[in-house]
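The next part holds the structures, each set out as structure tokens.
Across the two complexes that follow, chain A remains constant while its partner is chain B and subsequently chain C.
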Partner chain A sequence: MSGMSKIVKTISSIIFPFITIYGLYVIAHGHLTPGGGFQGGAVVASGLAMLLVAYGSVWTMGKLKEKHLSINQTLESVGAIGFIGLAFFGLIFGTKIFFNNFLVNKQDYLFGATVKLGETAANINTAGILPLMNFAVGLKVIAGLFGIVLLMAYATRLKEGK
Partner chain B sequence: MTYIELIHIIVPILIVGASIVAVLLRDLLAAVIAIAAMSLLLSLEFYILQAPDVAIAQAGVGACLTTAIFVIAIRATKRMEGEA
Partner chain C sequence: MLTRNIAGVIVFSIVAVFFIFTALLMHPFGVPDESDMDDYIIDNTQEETGANNGVTAVVFDYRGFDTLGEATVLFAAVTGVIVLFRRLKK
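Coming up: the complex of A and B.
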């Protein structure tokens, strides 16, 4: 599959950082606003897929090697292991139950602040391990969904014999 | 009839219309764009039914990623339906 016109390539390159920043915002605010790891990861993967369609699979596979596909699979596995690893850490710390939120309301740690009562502005530095789990799920969804599109482009490149 | 009730009537009609257009079109690329429009309208319907996280997931996966996969597949094969 060859690339699209120069107009499409330029516009895609310009709006790709904004889509990525919006997706990372949805992931980072997963415990405060609608959305979370899956939704933000789907948004980031959509931006990556837009770039791939605009530039074409021939150009993309010229830049990417087989090694990068295995790096993609490794990142997906890191996301899954991070999620279930945080769940198993709950068996070690705190009250020792599965999925125990052992970081919540511990002021010394990241995401450890206590939520204020009443109508206050939302504080991102709360909720314990939930933001970390959102980051893990976001990494897994970005790598997984982009890996599907990447393999599709790889297969079409093989069909053209290039 | 309030403003939001009117949207609740119009948007499902547009979803059904976009789906029928996607079935009837012979140009597969245009049919994929019709499916993307249907998916985006479905995302709007989720949003006005007060499920904004489902709307974000639908807009990301349904309207963008499946469209990208379909476009890649169509550009590797034939564009018009029924060609040998």
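Coming up: the complex of A and C.
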């Protein structure tokens, strides 16, 4: 698939940072507002897919090398290992249960503030391991979905005889 | 051809009637039969997990094991796509 016109390239380049920021916002506020790691990761991956469609797989594959795909998959694995590692840390600290939220309501640590009960203004520094898990899953979903889109675009390029 | 059309209409009617009766048998929205678990999660989410978003609290804390399976499915899908598409160049 070849690239689109200069107008489309320019507009998508302008919009792309805003889509990324919105997706990262959805990931970072997963424990406060609707959304989370999966949803925000899908938003960021959609922005990357938009760039891929605008610039075309021929141009993109000219820029990318095999090691970039390896880096992408390494990031995905880091996200997966972070997620399951946080789950296993629950076996070490606290009440020793798998997926135990061992950081919640511990004032000394990050994300450990006590939440005010009832309908209150949300504090982002709460919820223990939930934000960390959201970050891990978000990284995993971004890298995973972008890897899928990238490889399918790669296959399309070859089919068109280029 | 006519018999095929008639058979199609009959099958469609049976399926449509089945779906309509099933829809009529559903119990009203927002009134679950067993609400113990819902009430527990709604009442205790904020103090137990510290999250204001109850859905995230369920997905990553109360039912974290389910999310682990979901992440594994995504990982397996990406791995399958890579295995299929990686070495295509001649």
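Assume the second predicted complex is superposed on the first by the 157 of 162 C-alpha atoms of A that agree within 3 Å, B and C clash if a C-alpha of one lies under 4 Å from a C-alpha of the other, contacts with A are read in each partner's own complex, and residues count from 1 in each chain.
We take it that a residue touches a chain if its C-beta (ideal position, glycine included) is under 8 Å from a C-beta of that chain, and two chains touch if they have at least 3 such contacts.
For clarity, every value in this text was computed on a predicted model and none was experimentally measured.
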* Asked: In the superposed arrangement, does A:26 touch chain B (first), chain C (second), both or neither?
  -> first
* Asked: Where does A:34 make contact in the superposed view: on chain B (first), on chain C (second), on both, or on neither?
  -> both
* Asked: For chain A, which side has the bigger count of touched residues, chain B or chain C?
  -> C
* To do: Look at A:152 in the shared chain and tell me whether it touches chain B only, chain C only, both, or neither; answer first, second, both or neither.
  => both
* For A:87, select first, second, both or neither according to whether it touches chain B, chain C, the two together, or no partner. => second
* Asked: Taking the superposition as given, does A:140 touch the first partner, chain B, the second, chain C, both, or neither?
  -> second
* Which partner does A:49 contact after superposing on A: first (chain B), second (chain C), both, neither? -> first
* To do: Check whether A:57 is in contact with chain B, with chain C, with both or with neither, and answer first, second, both or neither.
  => first
* To do: Starting from the residues of chain A touching chain B, keep only those that also touch chain C in the other complex, and list them.
  => 34, 36, 38, 148, 152, 155
* Provide the residue numbers of chain B that touch chain A in the complex, in ascending order. => 52-53, 56-57, 60-61, 64-65, 68-69, 71-73, 75-76
* **Partner chain B, residues of chain A touching it in the complex** => 1-2, 26, 34-36, 38-39, 42-43, 45-46, 49-50, 52-53, 57, 145, 148-149, 152-153, 155-156, 159-160
* To do: Over in the complex, which chain A residues touch chain C? Could you list them?
  => 30-34, 36, 38, 69, 73, 76, 80, 83-84, 87, 98-99, 101, 104-105, 111, 113-115, 117-118, 120, 122, 126-130, 133-134, 137, 140-141, 144, 147-148, 151-152, 154-155, 158
* In the complex formed with chain A, which residues of chain C make contact? -> 46-53, 55-57, 59-61, 64-65, 67-68, 70-71, 74-75, 77-78, 81-82, 84-86, 88-89
